[in-house]
């Protein structure tokens, strides 16, 4: 286990964050994606982000996952403000404490499933054998025992999504950020993924999910509904 | 922690090697580029080294001094009577007259050589007890020949066959066929290269053929070790400007000059390979860059740092270079062993238009091998810089927004 | 110009290095002149500078031995040259500058890369902004870029200036003179018998270096430098190491010229480092281990000095470098000790026909061919004479000795002999004879060895002389 945060402890907090991306053409105004948003995720709970396309769900996940700095506002990670910290330090926090599940899986071409899962472990200094052992263990929990040596293109959509989930969970992160994790999963895969994520939650990990799936709605401790920033009610917590 | 850092490096190396296999097309193109430059380079260098060594060994075993005539600054034949003058100089062990002439047998050029009677001043044995290379040649009677392997193979000759040579004559017809009996093949393992296109004849036959009675092309002088300079000086005094005396260092100089001219063709090839390889490898390394950028963005989301990704990519290019150079060494060795480096050999050996009937000498010493590794590593690293940077400089967040997806 | 395959490859590497240096300079200037930090997440030129300089560093490391191979490949084309030294005489100033500059470049550039990597580790571990790296960024980086450009330009200048046909002096005319600088300096310090002291001095210097490296390295690995009483020691070790390493390099160079070169080339009066490097099997290993030991130790000392922030990672990297450097110093010492012990040429030639000692291909070897072509080998002139003069002695038809300056085989009748006042070390008792091809050398050595020029000792020993 990399993390080991006590359940209930604050993992990430966004406080009045605004994110404006530089304009695609110089001279044009910047693109404001988020405006004065607040969000907090605690260990052991599921926070759900919802909103229409273009409302800034992915940007919010990126800010919480320390991929970007906010244009305005503050970001706290494990209780410390990290808005102005160096990229390298934020990278290290992300490496140890955060796991990402992408909407389109983003598995690597021609890479065996176990190697995909072991990818985050490599930079943490695990040996090849240890990487493989952990990866196979996780794959087995996702009902992919016989698929460890299959390359990504040899797996079905649901299997690919499960491998992507296993990759995000391989370092046992404190915070799992998932962008539409069930969008392409078949019902059986979706069940497995949800149960694994929830199992992680119950062992203390925080879960920040952007999804419209009913299962997450039912399980979410917090929900954040995002709208396109120009609209007045941006960042409405329920 | 230190152990973990090493493990991380080993782990990166493992991932780099799996990436080399994963991007098969890119690896194949890069390897092909490397091999197409490195294999001929290494083969030529090994062959050049071998031939040079072989020639220098032959020179070392050959005469200490060569005495030829000097006619208006050009070499000419010497009278056989000079052999006695040379023999009487203190320190001279043996004098051997040699007649050499060029002939064409049905458009195939050949060197006709005859060794005259030895004039020994003291003892035929050399100081180290070994025999002169000339003494290992087959002894011939007039009308008999020993032919080199290349000539024998070209005309399908064997011992006992007759070879007809069209040679000049004093009569009105100017040229006449002379029949000779082949009594031996020159297949000495010490000198297969230089005897391949050679025909050894009786000295008197050569004098008759080239109409030079009591003359020799040159005198081969063997000296006691350390006396060469004194003998050369005394010879210059006694024979005056009529004689052209060459010592071993001069012969080596002529050899190096001729050899370097012949190997110049490879320099042009290597120059072209070096100029072209970096841009070609840069293009090859850029193959599949967009999918690579997406992967890098995902890796950055997982916490990989830019320098780790750069290191991974440099490891990949180093691995590819090492594989390329190692494969080049194996292919070159096979080419030299089983193909005698043909057709590259024709650039280094005059007259080697066909696959030689013997194993060409080669030396795969550490210097050419090191050169090939340096070449592979430098062009591979040079070619990978641009693609490594383009891939590593991707923003990780774009993968969330679908920009690199 | 002289164009050979290694020269062509060296020129290519210099060109590639120059392009990388110029690109890195441009990226660095852009980075330095940018008023505000870039948008986070955007590609950072600092990594581009790092990538370019890392590649350039790798290429210059490869170019170091290649330069010597390239110069060696030009030897047959330069009249009078016997080794790399002769070739460097065509462009002495540039060649010397290049040879001095290359280690400095690798020291500075490698130091910058090491600091860059460890400060990345520091950034990862430290909350807050990017830490400043004054030494790395303000001193080492511009210095490395300047040295890199100069190094590549000098390589071009040296290799493109090599012209065939210009006669030069060979190494023997400089390194074999009694007043060579490598003999004058220790001679003035330790007196006439300095040659016996050089190897022990080298080993003492080396052992001191290795000791400091290993102690400092192990302490750094164990994180001891972080606690208060050790901190001063860290500074002392890093400051002590640099002069120690300088002394070690100086001792290695002088011992290499005065002791190792004569022993390993088998030529007792030949003191050329280039011949040691290019014509002996142990030479390249000694050079590589010395260069690697000094560079790794110096980088380690630099990191130790810069690791004042007591940050995880920095001292461990320093420790690794120092321990590797210390071990390489020990390897170098082992190679020199092994080389010095087994010096005098390779190849076991059997045993001396007189004293039964094991024979090596040295300049003292004597070959005797009896009337019937029977060949005998002797370890020295004395042994050969004893065999001839002794009861039932052989009658020699030929006796071949070696010129002590070049190793060339000589008929004893063509050699000039010097009978020295003292015996030759390492040979059987009573051996005072030295053989030379040229009378001039025999005169010099008769003076040096406090001896006399004598007539061919084999001439009066039954050998039929011409």
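By letter and in written order, the chains are A, B and C; residue numbering begins at 1 in each of them.
By our rule, a contact is a pair of C-beta atoms (placed from the backbone, for glycine too) under 8 Å apart; a residue touches a chain by one contact, two chains touch by 3 or more.
Note that the structure is a prediction, hence the values are computed from the model and not measured.
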Chain occupying the most central position, where position means C-alpha average: C
Chain separated most widely from chain C, comparing mean CA positions: A
Distance from chain C to chain B - Cα centre to Cα centre, in angstrom: 30
Approximate Å spacing (C-alpha centroids) for the pair chain A, chain C: 57
Centre-of-Cα separation between chain B and chain A, whole angstrom: 63
Residues of chain B engaged with two or more neighbouring chains: 5, 305, 396-397
Two or more partner chains touched - positions in chain C: 41, 120, 124
Touching two or more other chains - residue numbers and ranges from chain A: 67-68, 88, 91-92
Touching residues (chain side chain B, partner chain A) in the complex: 4-5, 7-8, 10-12, 14-15, 18, 22-24, 291, 294-295, 298-305, 308, 396-397, 399-402, 405
Interface residues, chain B side, partner chain C - complex: 1-2, 5, 41, 45, 90-91, 122-123, 125, 127-129, 224-227, 230, 256, 260, 266-267, 270-271, 274, 278, 305-307, 310, 314, 367-368, 370-371, 374-375, 377-378, 381-382, 385, 388-389, 392-397
Of all residues in chain A, those that touch chain B in their complex: 58-59, 61-62, 65, 67-68, 88, 91-92, 94-96, 98-100, 102-104, 106, 108-111, 115, 119-120, 122-128, 131, 167, 179
Interface residues, chain C side, partner chain B - complex: 3-6, 8-9, 12-13, 16, 20, 41-44, 47-48, 50-52, 54-55, 58-59, 62, 65-66, 69, 76-77, 117, 120, 124, 221, 312, 316, 319-320, 367, 369, 373-375, 397-398, 400, 403, 408-411, 413-415, 437, 466
